[in-house]
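Below, subunit A partners subunit B and then partners subunit C, in two separate complexes.
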Partner chain A sequence: MTKDYTQLWESLGLNLGKHEGLLTVLSDAYKNIYLSQKNRPEGMKYFDFVISEVHGLRIEELYEAKKNKRKVIGTFCVYVPEELILAVDGVFVGLCAGAEVGFEEAEEYVPRNTCALIKAFMGFKLAGLCPYAEMTDLIVGETTCDGKKKAYEIFNDITKKMYVMEIPNMKNESDRILWLNEVEKFKIKLENLTVKKITLDNLKKAVNIVNEKRKALKRLSKLRAYDPVPISGLDALLVNQISFYDDPIRFTQKVNELCDELEERVKRGEGVFPKGKTRILIAGSPFAIPNWKLHAIIENSGAVVVGEESCVGSRNYRELTDEKFSTVEEGIQKIASRYLTIDCACFTPNSERIDNIKNLKKALNADGVIHYSLQFCTPYMMESFKIDKLVDFPFMRIETDYSMEDFGQLKTRIEAFLETLQ
Partner chain B sequence: MISLGIDIGSRFIKAIWIENGEIVKLKKTETSYEPLKKCEEIINELKTEKIVATGYGRHLLGFNGDITTITEIKAFAIGCKALIQDCRTIIDIGGQDTKVINIDEEGNVKKFEMNDKCAAGTGRFLEIMAQALGFSLEEFGEIKVNLNDSINISSMCTVFAESEVISMIAKGIPRENIVLAIHKAIAKRIVSMLRKINITESIAFAGGCASNFLLKTLIESEISKKLVTHQLSALAGALGAAIYAEKN
Partner chain C sequence: MTKDYTQLWESLGLNLGKHEGLLTVLSDAYKNIYLSQKNRPEGMKYFDFVISEVHGLRIEELYEAKKNKRKVIGTFCVYVPEELILAVDGVFVGLCAGAEVGFEEAEEYVPRNTCALIKAFMGFKLAGLCPYAEMTDLIVGETTCDGKKKAYEIFNDITKKMYVMEIPNMKNESDRILWLNEVEKFKIKLENLTVKKITLDNLKKAVNIVNEKRKALKRLSKLRAYDPVPISGLDALLVNQISFYDDPIRFTQKVNELCDELEERVKRGEGVFPKGKTRILIAGSPFAIPNWKLHAIIENSGAVVVGEESCVGSRNYRELTDEKFSTVEEGIQKIASRYLTIDCACFTPNSERIDNIKNLKKALNADGVIHYSLQFCTPYMMESFKIDKLVDFPFMRIETDYSMEDFGQLKTRIEAFLETLQ
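Right after this comes the complex of A and B.
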């Protein structure tokens, strides 16, 4: 970090001692996992910087934004319409949920066998380690799974900042109406919170900003289809993770610059690894930052991850919002229908997800698919069994969490899977 | 030219030296707290051209010089194919992992399942339970039991199962009956793993637990098929690594 942020953290009520410990662990992990990689693109330097300042400079930026009367809205899910937050000049941030942090504190409120992501967002807050949560004016939850739903009730008792959107479980006409109402309600909530109106002009701008971000991420994804692959799976994952934290316009610009460099690499036939590496698509649960475990194991076992069919991945950028609308109401409708294309495992049926996995595997020239479910993430765990029976390509199911205790078993299983692909 | 296959398991290190496909020498020793030292001793026992390491500790050797590593899943596939030619399904119950594997006619791995992250249903589980009941691991699978006895243990977690066993002892349940319950619990777990792959006609039973007669009988009765073992079943991983070394 470039400067001392102790005062800022103290003013946010963070647990300074523990926070220092967390940053040290993170910085060591980052050195070992990220900075030790060879042939990294120059364009990754920006993202390295963002990570090094994830609890520093970015928090200071949010602080400045708040001084200018902007509201900070925290989220946990790709179903929360970022466009509406930007339209009221709000700052959209994903909250900390990707490390085994504060689990003891979290287990005072939720059962032990709760998925690691839920325990982590509770834990980060309860242990006083998430500056983002402290910065927020509103935290938006969603009814994607039972664990999250119930956890948000408890989280509201703790933070008094929760607002929960109801995500339907099906995609019938009545569900579309329900969801459209939810998006409209969210619009009013944001307008009341910020005392700003969503107009056709600011909504169009916001939709465009988010679409440009998604286009940049799609562009990055397409570049991973080449052999040799111009960027490691770890680096591409990091970019996807940072998309939930960074200023969207600056982020889009930096991703596009990275992609320009990668295109040059592709033209020269250069890659981050030699040609002919075994290529893996990961499908399943989200990878909240700093969850880099599976990518690190796969890429240290001689293969490369070429894509993530995940909320931190293709589910976040696959579909754009139609920018052709001429009233605010119409815009809201376009936004609502765009979000309902997301193939989260909380829906039933969810057959489009299997097609999306098949298409992505083909588009990225992957040799096999590893399905990753966070332990106790029932929707993805259940779907993995179903998909296993329906696909005719190499497929392996993994259930894991943020801990390192299954590292040996995972390494054996992943290496054995890779052996079957060679 | 002599090739060495070395299988560094969580409980034992197994080594097999082969020359032109014939076994020249074999060795089994406890992994201990200094596996690398043990491996170095083994490697120095005989002048060897090629070495392939497998098993949980394979990377210990992989990091130290030009030793190729393969996973124990691949090693057992090659090793079992050599020992039991027509096998297409392999059950390997080792110290801390349990695996079931489908292979094709050439011995290539087609599909496999492996326990996730705890020692439930593994050799280590049996060892701890044997200890709790005052048996040696060798006696454990040979104990005469009444197969119709109906008591069951419900927990497969090594820690909880041990306390369940202790409470059974406290209730005065004969230890032979508890032995059966423990083996039934593991057999059930193996069978549910087997159902996730294909249960073929010829099934090889390998790994350290292959010599456990009771476990073998229980799995057989559950799937109504015979399991084939070989006197070298426990060393199938080391043999597979040695064959791989010789061929590559």
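Right after this comes the complex of A and C.
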């Protein structure tokens, strides 16, 4: 941290003692997992800085934004249309959900066998450890899975800040109508919250900002197709994770600077690892900061992660919003259509996801796919069984959570899988 | 069994050896749990007979129905409109889903930590032990939970018979439109399958048949409010379970005959147990045949179960369909509205369920509520935590599956809870 934020944290009502402990653990983990990597691109220094200030400078920025009457909107899912939040000059931030924090407190509100991501967002809040949650004016949930859908009811009892968007279960015509209606309702909700109107001008600008961010992330993804790969999976994952927290314009610029550097590396035939490493595509559940376990295991077992078919990954940037619209209404329609292309396992059927995995594996020259499900994440867990039967390339199912208890067992299984790929 | 059905089972492709074993286990369990009860109403003899012939005479009836060009429709959920199936002269049957059967086979298709009901319906089919599944022309699923929603995709790969109705996640205006559209689509599906038209006449008759069935079940429920209670919870549960399998007209008649007898008992002040027993309302997940574990434990611990706030219980019969309609279209609307009153935990929010539990507890003079969730049944599990915080009467959460491994532990916990009620 560049300075002392104690007063800020105190004003947010954080549990200072525990928060100090959390930051120490996070900082140590980051040193061990990230800073120990070799041949990192220079461009990662920005993202290292962001992480070191994730509960500091960024929170101060949000504090300043709020002083300037901007609203802070917390989200948990790639289904929440960022474009609308930006159009009303709002700030969107992903909330803390990636560490085994406050689980004891959370288990008084949700069952023990709830997925770690849900227990974490409840736990972070209940333990007073998520400055983002405290900064929010509104927290937007969605009905993507049973766990989140029902936990949001309870989270609303605790925070009184929830707004839930309904994601349908299918993608038929009536679902498209329902979802468009949800996006329109969200627009009105944001306009009322911010006392600002969404206009053609601010909507076009917002769509462009988000599209540029997605393009930068796509550009980064494509650079991972090269052998030798110019960036580690861990570093690329971090960039994807930070996309949910950082200012989108600054973030896009920094990702593009990183990509410029990676392009130079590619031209020089330089990589972060030697050429010929076993290449893994990870598919499945999201990876919230600081959930780096699976990438760390794979890259410490002699392979490299070349892509994430994940909400913190390709599901977040694969599709752009069509910028050709000439009324606000038409813009809302384009946004709604774009979001309904997301191949979340919450849909039935969701056969496009299998195609997307196949295409991504091919595009990234991956040797095999590791399907990762958070424990009790039923949609992805179930879908992985189906995919397993339908693909003809090396495919491994993994189910895990945030604890380190299964670290050894996972490493053994992954090493065995990697051996079959050589 | 009244006769030898081996040939019929063979023609359905059942695994004869395993099926024989299953029937023996079922028969023994029934003797131990049901036939050992004292003071049973005479009217239960019919239901004893139905159970003894559940894989025999009823299957033969379905076989005869199919010979007469009637279609057999398998269902898993109270959200599937029976009225429409009856209107096209179809037969609806619940599929086998209540026992730990074929789990090893099922776990090749779905994760181990999937709810027992889902593993059971997959297991029964995969092990060749459900004659109902084999008799079906169509199996109707619904998107009530992540587990079923995704398992149906896999079940369709196995059976090629699935049709899935979309249940929305909320009950807003756009959800009502979506659901009405689903009911209309289901009507067309059934008309195409049976090559029969739904007319005002056959729809009115069908609505009446189903309403009469629900009225009989409501009548039975109300009789359980008396002290001493004229029927055991186990017997009442069985009647509710059989409502998903039996011919609805015959079933209604038999339930009403049973209720006549129970009314006489009430008049005489006679009960199946002595007056003053501790009275329990069970709330939560469904109980598929032969899932009698929880009722058996409670009634062997000195209390009586007076109601089931469950799909196999009040959720199945609480609301009737308005019979006042003068076109098919209007009838479909009335049916769609009626089904959307069901307070399944799949909805968010679902606050009417809490009121329904409170009202049912009061109406049945229950001393306490035991909330029962099938393990990994996220919607009910999560909702039970919320309800627990909102009610001011004795409330206990239980999470279990079909195995007998936790029998002792459950009994200890339940006995401790019952002690607090005395």
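By definition in this document, the second predicted complex is superposed on the first by the 422 of 422 C-alpha atoms of A that agree within 3 Å, B and C clash if a C-alpha of one lies under 4 Å from a C-alpha of the other, contacts with A are read in each partner's own complex, and residues count from 1 in each chain.
Everything below uses one rule, namely that a contact is a pair of C-beta atoms (placed from the backbone, for glycine too) under 8 Å apart; a residue touches a chain by one contact, two chains touch by 3 or more.
No experiment lies behind these values; they were computed from the predicted model shown.
Asker: With the two complexes superposed on chain A, say which partner A:49 touches: subunit B (first), subunit C (second), both, or neither.
Answerer: A:49 sits against neither subunit B nor subunit C.
Asker: Should A:399 be classified as contacting the first partner (subunit B), the second (subunit C), both, or neither?
Answerer: So A:399 meets both subunit B and subunit C here.
Asker: Quick check for you: in the superposed arrangement, does A:416 touch first (subunit B), second (subunit C), both or neither?
Answerer: first
Asker: Quick one: is A:167 in contact with subunit B, with subunit C, with both, or with neither? Answer first, second, both or neither.
Answerer: In the superposition, A:167 contacts subunit C only.
Asker: After superposition on the shared chain, which partner residues are touched by A:408: those of subunit B (first), subunit C (second), both, or neither?
Answerer: It touches subunit B, and subunit C stays clear.
Asker: Which subunit A residues are contacted by subunit C in one complex and by subunit B in the other?
Answerer: 399
Asker: Touching residues of subunit B toward subunit A in the complex: what are they?
Answerer: The contact residues of subunit B facing subunit A are 56, 59, 70-74, 97, 108-110, 112, 114-117.
Asker: Any idea which subunit C residues touch subunit A in the complex?
Answerer: 109-111, 113-114, 143, 145-147, 149-154, 157, 164, 166-170, 172, 174-175, 177-178, 181-182, 345-346, 348-350, 375-376, 378-379, 381-383, 385-386, 389, 399
Asker: Give the list of subunit A residues in touch with subunit B in this complex.
Answerer: Counting only subunit A, the residues touching subunit B are 399-400, 405-406, 408-409, 411-413, 415-416, 419-420.
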